[in-house]
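Labels A, B, C and D are assigned to the chains in the order they are written; within every chain, residues are numbered from 1.
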């Protein structure tokens, strides 16, 4: 268990959003962090002009997943409504970025891996939305 | 006209998202920037324990409006679907933060001003959504 | 006077870092904000492969100036030593980015303007360092 | 090996900064990421007024380590001078934050863990500086 997960567990009892599934949220935090990193690197490595859309979308996905991650790391002011709309936005962003990256996955190992990481992030956001609907 | 606005206008013809209303977007960029700054300061100045929710929400609003601003500054990979969901999330976030700040606006000049700046940001996001619906 | 400046002035008496020159700091906050925005746009608009270094440096300058701006917006935990080293790093970053952008200022109006905004940010950071040395 | 590390290794041959020690840099990327997360949570969990400096410094350390991480994830525009000054600033920031957190480590499990993560980040930055001096 890494330092972030240990700190999150310390706060599992005092979180303002009752019924939050901590396991699902921890996976989503990890997925957002991986997405920010993969997208930042992917954007940096795209050289060709035809990769311009991909670069731009990857930069956007990095910023959105970074913001999403931070919001999940702040239990004190957590709000169901805010969380839902941000998870939705992150999911849409990550799927759009994954689709764009997949268009040139044959030519770029970065894009192929970045697309995979984006999809995992979108899936982790969907799992969060699902877990919130249950409670 | 500041440097950002001048650069945006240089790109008004090559943007991938046809029909974007540049005036509305420029106001939204400014509103997001002001929101990030006000929320960062407001979060820093809240001392009392009963301000904990406000601090946390302000920190979230700062991160979300910063991400929203950057996405609008990247015309190359702009996508209507991504833009819509992020504007929606920013609006929800800013209204939640404004409501929380208003709860102690009597005690704090920071909160009062921050609430106002958050509302302006939410309104600017709504104006963006409206302008996209028209086109 | 915009909302950020008004909030900063409200806190000019309770700042932990005595002797901070508020006028110089406000200009530096503005310069960092403009730098983040110009660099984000410049990075997005560079299409050619030979612009790859410029794109990457602009993305770095955007992130560094954003972090620098936020630190100045948090009077409560301000530390002279932290401030000095961050201002130094931001100045080095912005000058490196300006030099790179100037190498193709003839071909790109974005690069020309971005270089100018980066230089103004570096100058504003230097003014902060100078003002702190005096006190 | 996680996705970020795999992507970094794909680029170990085309990095503009010859002689960069990839193992040391990967550890520093991980340390910065952990620092951003721990500091974000620590800032969120501090309730008492006497924790205000700690909250503010943790928020600063989160932003600085996030910027540092991203710069290391962009091999294309890497510059020795920029890297050195940013590593120095991150190190100073993390040590200042660790010292502040340790002042109330007895009262707060969050602060104790956050101080440890900040120190590891500072050490990882120092290791990067040392590795760059050797080459």
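As a working rule, a contact is a pair of C-beta atoms (placed from the backbone, for glycine too) under 8 Å apart; a residue touches a chain by one contact, two chains touch by 3 or more.
Quick caveat: nothing in here was measured; it's all calculated off a predicted structure.
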| item | value |
| --- | --- |
| Interface residue identity across copies subunit A, subunit D - same or different by half | same |
| Inter-centroid spacing, subunit B versus subunit A (mean Cα positions, whole Å) | 20 |
| Residue list for subunit A, restricted to those that touch at least two other chains | 44, 52, 55-56, 59, 66, 70, 74-77 |
| Contact graph of the chains (line, ring, star, complete, other) | complete |
| Residue numbers on subunit D that touch subunit B, as the complex places them | 43-44, 47-49, 52, 55-56, 59 |
| Subunit D-facing residues of subunit A, complex | 2-4, 6-8, 10-11, 29, 33-34, 37-38, 40-42, 44-45, 62, 66, 69-70, 73-77, 109-110, 113-114, 116-117 |
| Residue ranges of subunit B touching subunit A (in the complex, touch as defined) | 16, 52-57, 59-60, 63-64, 66-67, 70-71, 74-79, 81-82, 85-86, 88-89, 92-93, 96, 100 |
